[in-house]
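Structures incoming, each one as structure tokens.
In what follows, chain A forms one complex with chain B and a second complex with chain C.
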Partner chain A sequence: MRPILMKGHERPLTFLRYNRDGDLLFSCAKDHTPNVWFADNGDRLGTYRGHNGAVWTCDVSRDSTRLITGSADQTAKLWDVQTGQELFTFRFDAPARSVEFSIGDGLAVITTDNFMDNVPTAQVKRITEDPDDQSEESLLVITGIKGRINRAVWGPLNRTIITAGEDATVRIWDTETGKCLKESDKEQGHQKAISSLSKSADWSHFLTGSLDKTAKLWDTRTMTLIKTYVTERPVNAVDISPLLDHVVIGGGQDAMNVTMTDRRAGKFEAKFFHKILQEEIGGVKGHFGPINALVFNPDGRSFSSGGEDGYKTVFSEAASSIIVV
Partner chain B sequence: MMALEISMEGIEARARDLGVVLSAVDLEAVALPAGEDFGIISDDEEILRDDDPMELEMGFANIVVVDNLPIQRRHGYSFIEYNTPQEAELAREKTNGYKLDKSHIFAVNMFDDFDKYIKVPDEWMPAEIKPYTPGENLQKWLTDEKARDQFVIRAGTVSEVYWNDARQKMPELVFQKQYWTDSFIQWSPFGTYLATVHRQGSQVWGGDDKFERLMRFVHQQVKLIDFSPGEKYLVSYSSHEPSNPRDTHRVVINIFDVRTGKVMRDFKGSADEFSASGNISVSGVSWPIFRWGGGKDDKYFARLGKNLISVYETETFSLLDKKSLKIENVVDFCWSPTDPIIALFVPELGGGNQPARVGLVQIPGKEEIRQKNLFSVSDCKMYWQNSGEYLAVQVDRYTKTKKSTYTGFELFRIKERDIPIEVLELDNKNDKIIAFAWEPKGHRFAVIHGDGPKPDISFYTMRTANNINRVSKLTTLKSKQANALFWSPGGHFIVFAGLKGFNGQLEFYNVDELETMSAGEHFMATDIMWDPTGRYLASAVTSVHEMENGFQIWSFSGKQLYKVSKDHFYQFMWRPRPPQLLTAEKEEEISKNLRSYSKKYEQEDQDAFNQLSEQERKRRKQLQEEWVGWVSKWKQLHEEDRAYRMELRDGEASDEEEEYEAKEVEVEEVVDVTEEVVAFDLDQE
Partner chain C sequence: MAPAPAATQKIRWGELEEDDAGDLDFLLPPRVVTGPDENGFKKVVEYRFDDEGNKVKVTTTTRVRKLARARLSKSALERRAWPKFGDAVHEDVGARLTMVSTEEILLERPRDPGSKAEEPSASGDPLASKSGAVLMVCRTCGKKGDHWTSKCPYKDLAPPTETFVDRPPTADGSAPSGGPVKGAYVPPSLRAGADRVGHDMRRRNDENSVRVTNLSEDTREPDLLELFRTFGPVSRVYVALDQKTGSSRGFGFVNFVHREDADKAISKLNGYGYDNLILRVEWATPRPN
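On to the complex of A and B.
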């Protein structure tokens, strides 16, 4: 297992995304400019210039032609992956925190923060094949959540949208009616803000990470809690291995406390847990700041992590020395 | 009435479901069996009121009544209300019996006292003898089948008692209670009682399997408590803010009998009287103020005063021989842990004209049985060995220039005739002493000495094979990251720990063989505690800092057994055990034939281990099966949705799983390339 250290961002990493083939890695950071890298050797392929604020999130279409990004400059933008050309801009009254394409890439869900007097929303936009036909009109606006929505993702068959955020509650919404179908149990669920949410490869279950130092695995349909993974640090990022029964959990103490203590104290490790047995099976060190983003390559053989330190590391699991139980 | 009607409807519906004809039932005949309440407690039952611990009536305790005032009316008295009962009490003490003039002598009484004395019946009644109720077995925990030890922890608002189950590699909960204590918890010296501290006083708990309240000790705003070594008495301390800011704090100390809850003696006064002469710290006192002596019999206790040591005996709870021990300028004293002997220290006087002095005083005779004069002393610390055989006095002396100090030891052999004293100086006299510790029940001691971040550790013995009365060095270990010493309660083994600044380095050392058994680390550890048997060691990070809170359990040889994380972790305390009942000979015999005894336990350990791994295997298998079941159900649903999913993707034929399989081989090759490219990136990390 060898790490590749990618230095390209000047500010802390916020989000990482592989394309479906696993050969491209998209990275977002607080430095306004998302990057795309070759996943296998860490060479930078290009940048997407145009945002005027920290970029919180991105998603790439199934055929790797379109990229959508959400930024603190109160816009979400559509890009041509290959040319880096900006295709369209969705304007909001608040920072865009989370974006995701639907199955078939015909729709996208975008969340906006509770900023100034605005309530947080999750909005569904139609994504057209030809960018000239693209409009800003929302097909559906989900409101009624207190506190920032940190992630919103599509459920199976685009019938539902799953949201999670600062109010520590995971909710499933009907995309037809915009009504809340299910809510995570208060007792069983997270006790503090949910920072991240990641779906399994077959969308059957999803994993949430929270500042309450746990990550929880849920059934996508019934919203029942399946597993809980307990760590020693606030969790900022989670992902589920598409290949093995593993989950990876990253986090760390608040950035403001980092410099005051020993590097070991921060626990800036990406921790591996056995998905089914809920046991910690290993950890990968390498960051000297909290981990903000974690993502498995779709082949399940490597993963990337991005940290508050502004580095992004690809760990390849070819040897899988720590990983095999 | 509404509610009743609704519930009647419910009953009728239920009766229909069950096929019962309601009209045929004689409702009058249905009655609860006597004493049955179905777990629903009525509001006026005793048990509910009992839930509120330590609710004490304040009443009019803060009011005094002053009589005999010079007023030209019929009643010459007045009521004065104070902020607190303590202030009222103080006012009463100071002014009662005050002679204003010939005919007016104040009679000041507490308002509550009138009520109290009116209630006293005029005729003597024989005290009612309560029938004997057998108490709980307070020593139950010692009869644990697996011979485990207990410990108590306090984290957040919850206090919990656990068994240390080292075989299962986890703690087993015994008892848990939220808001059990307002400030801290403490075991009594033999582990019989667990004391909690509240605003209104302290309480002790104990018993068979649940922790029941055994006694309350009322003491408003109690701050500190201390048990006597034989756990017969409990001393509690409180300090009260004066109403006039220029006054000193008022101190109240109560000594209770633990079993009866009676106040045996109380001491009241200003904070000055109770702080040891000279060293008035911010908190005002160095606790414990009263130090218990005379071994486990709790016969004597003593306190340091200005130019004197007051020794009290517990038979009458008064001063021994009705007077204190007068010793000019005494600054420190300590009791032998086993015998009624006081070691005391008097510093240099008159700029060195009168030498400093360490003395040993026998109680109750008060005769000085040994004394040693010391010159150019700057400071002095006394360490008793726990069976009272040796006393080490660490003496810091000025060098000739008086600019720096160096350290030496005076070693007293208490149990030998005439108490011989030996002088020990370290190889390098200028080394600072960081820690000193006697081997419990043994004849060796360890010293951490040196300057800088990596001090040395030396071991000495008080007896050697050929020369029984000579102290000699066993070994010196160079450059250790340690600042604290923890001997196993049984001796033979010691742990050097680098606490706080040293990040929690631990080294487990066998002093018999003079070799390191193992080394470990509990990052940021703040506390180290041996269990009372010396089998296990706990290291803890308490909430001195915010992170890493929790504790770890180690075997005596340094194998990490398990780890528990707790936020806001305040306290960890092993439950002490009463002293060994076996005689020294019997103990010797057991350790000689240890092999035959241990066979049985080894077998048990093995069985437990096998059982555990069997259980673990089963558990894993079950979890795996549950998961597989769940996934197959999902797969089925997923399959049913396939057509619709394809439609969403504009009829793209391939479903993700198949396609993904096909690519696997390619990716593996790519990874090989990756390994070569990364090689030079590693250095930059």
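On to the complex of A and C.
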């Protein structure tokens, strides 16, 4: 296949997100401006100017009208997807690392880093229909986690929030009480910081990628470890195919050590594993730096990857080429 | 765009250029878009002023292709018609943000389809196991982590070495860490399937010869000798020189008196930064044909 290369960012990519229909692709990078692209031909639709620091993450509402972004400038912003207009700014005293809209888009969970004297938190905000009614007030603040929370996502029916971060532990929290319900097993779980978390299409299980060079598949309800995928490099990004029993794992040498290693040794490829057999199906090369973001199109027929090299690549028809397993 | 007005304007523009009348010089002819034709070629002719104020004609030919899988939902089609915003407004033809990779990128399989996986355990284990054991590879019998070459029980059996060399990888498949171990260099002659001819030829030609590549241009034999003699006595140093220019061709050979020293030099100097280049040091074995 010939992937589409999109170079709209000047700094390494941090996060990628498709909207639900899979026609728009949102990209965040360490430059300050998230972009939106047409996913099928790679044309840039627009940019969201307003952040003043690296943008770590974003999420788009189900009807593709609102975008929320979290940035190192200690804010999270709400945007109008169509016009690129800034609707609201949530101010924090630490960088916002992860954001996600809940089911129904009425709530959003935003995590803030452990920065200066602040402890890392995951905060739930109410998202109002009318941006004028929007307030900064948090409905719930989850604390008590040591180390940065790299990812916080909603569980089924908005009843739980799943967090994963630098302390290598995955936790499930009750959204009513803010109490920790379940914690991943120390023995079975990751040994190093968890860099990414991705839910399956039906949210019944989720995949975490960690710097300990493994990705692990967990049951959302019982928090039991289902599968482990072993790679040779730290894992920065993971995703589960919505169409096939495949998972894709991306990573590579630390950005810090890239200049000291050969491109071949860096293993900057997106590796496909069979979800159930845990066997490696193959790798897709194409990046010159570690892969920071990986995401499947919701139709499962293509995926995008974003790397430290600042290129974002849409590998279309990927599924049809790997279908012959 | 209707063809008629475009044509008349074109003529007027031509007249203007001939007269070189200054009156309307600041006016730029409008953009002309032709196509896409049946082959999908679309031509855009634009005029603009460059930095020095000269009029420039920019012709951009693009090929428009229909995507095979264009099933979009209603709302997605609506979004398709959205006007561009932000920085995307100004980029039109000249912007090269999006391109299709010129390189064909394929899914690379870790092994032939159908063959069984031995890799997961091999790639998982060595990283977990102690590096000391991995490094300890006997070059006489090929056992890993058991004993050093000098302590090998088969050391004295000179002829058996040859027969033994080819066997271990298959016979010792269940040895502590079978399979390829990263970091531990196994010379080609010791690898499974190494052909004998190459082995014998190397014996005949050069004992313990090490090939050094990616040398900088101004590396000379004394430099190489200086670099390599720390590992043990060196019997010969050779740097390939260009006949015409007299500069180094970027590779050379070093022969050690002892095989152990050569081995050590390879493990230490392969990947070593020398004169702003990364050295590649390996056994100088003839290529298997």
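Rule of thumb we're sticking to: the second predicted complex is superposed on the first by the 321 of 325 C-alpha atoms of A that agree within 3 Å, B and C clash if a C-alpha of one lies under 4 Å from a C-alpha of the other, contacts with A are read in each partner's own complex, and residues count from 1 in each chain.
What we mean here is this: contacts are C-beta pairs under 8 Å (C-beta built on N, C-alpha and C of every residue); 3 or more make two chains touch, one makes a residue touch a chain.
All values derive from a computational prediction rather than experimental measurement.
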Overlay on chain A: chain C relative to chain B, clash or fit: clash
Which of chain B and chain C A:R301 touches, first, second, both or neither: both
First, second, both or neither for A:I4, with chain B first and chain C second: both
Which of chain B and chain C A:D21 touches, first, second, both or neither: both
Which of chain B and chain C A:V284 touches, first, second, both or neither: second
Chain B versus chain C, judged by how many residues of chain A each one touches: C
First, second, both or neither for A:L45, with chain B first and chain C second: second
Chain B and chain C footprints on chain A, overlapping residues: 2-5, 21-22, 40-42, 232, 262, 286, 301, 318
Sites on chain B touched by chain A in the complex: 503, 523-524, 547-548, 565, 620, 623-624, 627, 630-631, 634-635, 637-638, 641, 644-645, 648-650, 656-657, 660, 663-664, 667-668, 670-675, 677-679, 681-682, 684-685
List of chain A residues in touch with chain B within their complex: 2-5, 21-22, 40-42, 62, 102-104, 106, 156-158, 201-202, 204-205, 219, 221, 226, 232, 242, 245, 253, 261-262, 264-265, 276-277, 286, 297-299, 301-302, 316, 318
Touching residues on chain A, where the partner in the complex is chain C: 1-8, 21-24, 33, 35, 37-38, 40-49, 63-64, 82-84, 213, 230, 232, 262, 269, 272, 278-286, 301, 313, 315, 317-318, 321-322
Chain C residues within the chain A interface of the complex: 67, 69-70, 72-73, 75-76, 79-80, 82, 84-89, 91, 96-110, 117, 119-120, 123-124, 127, 278
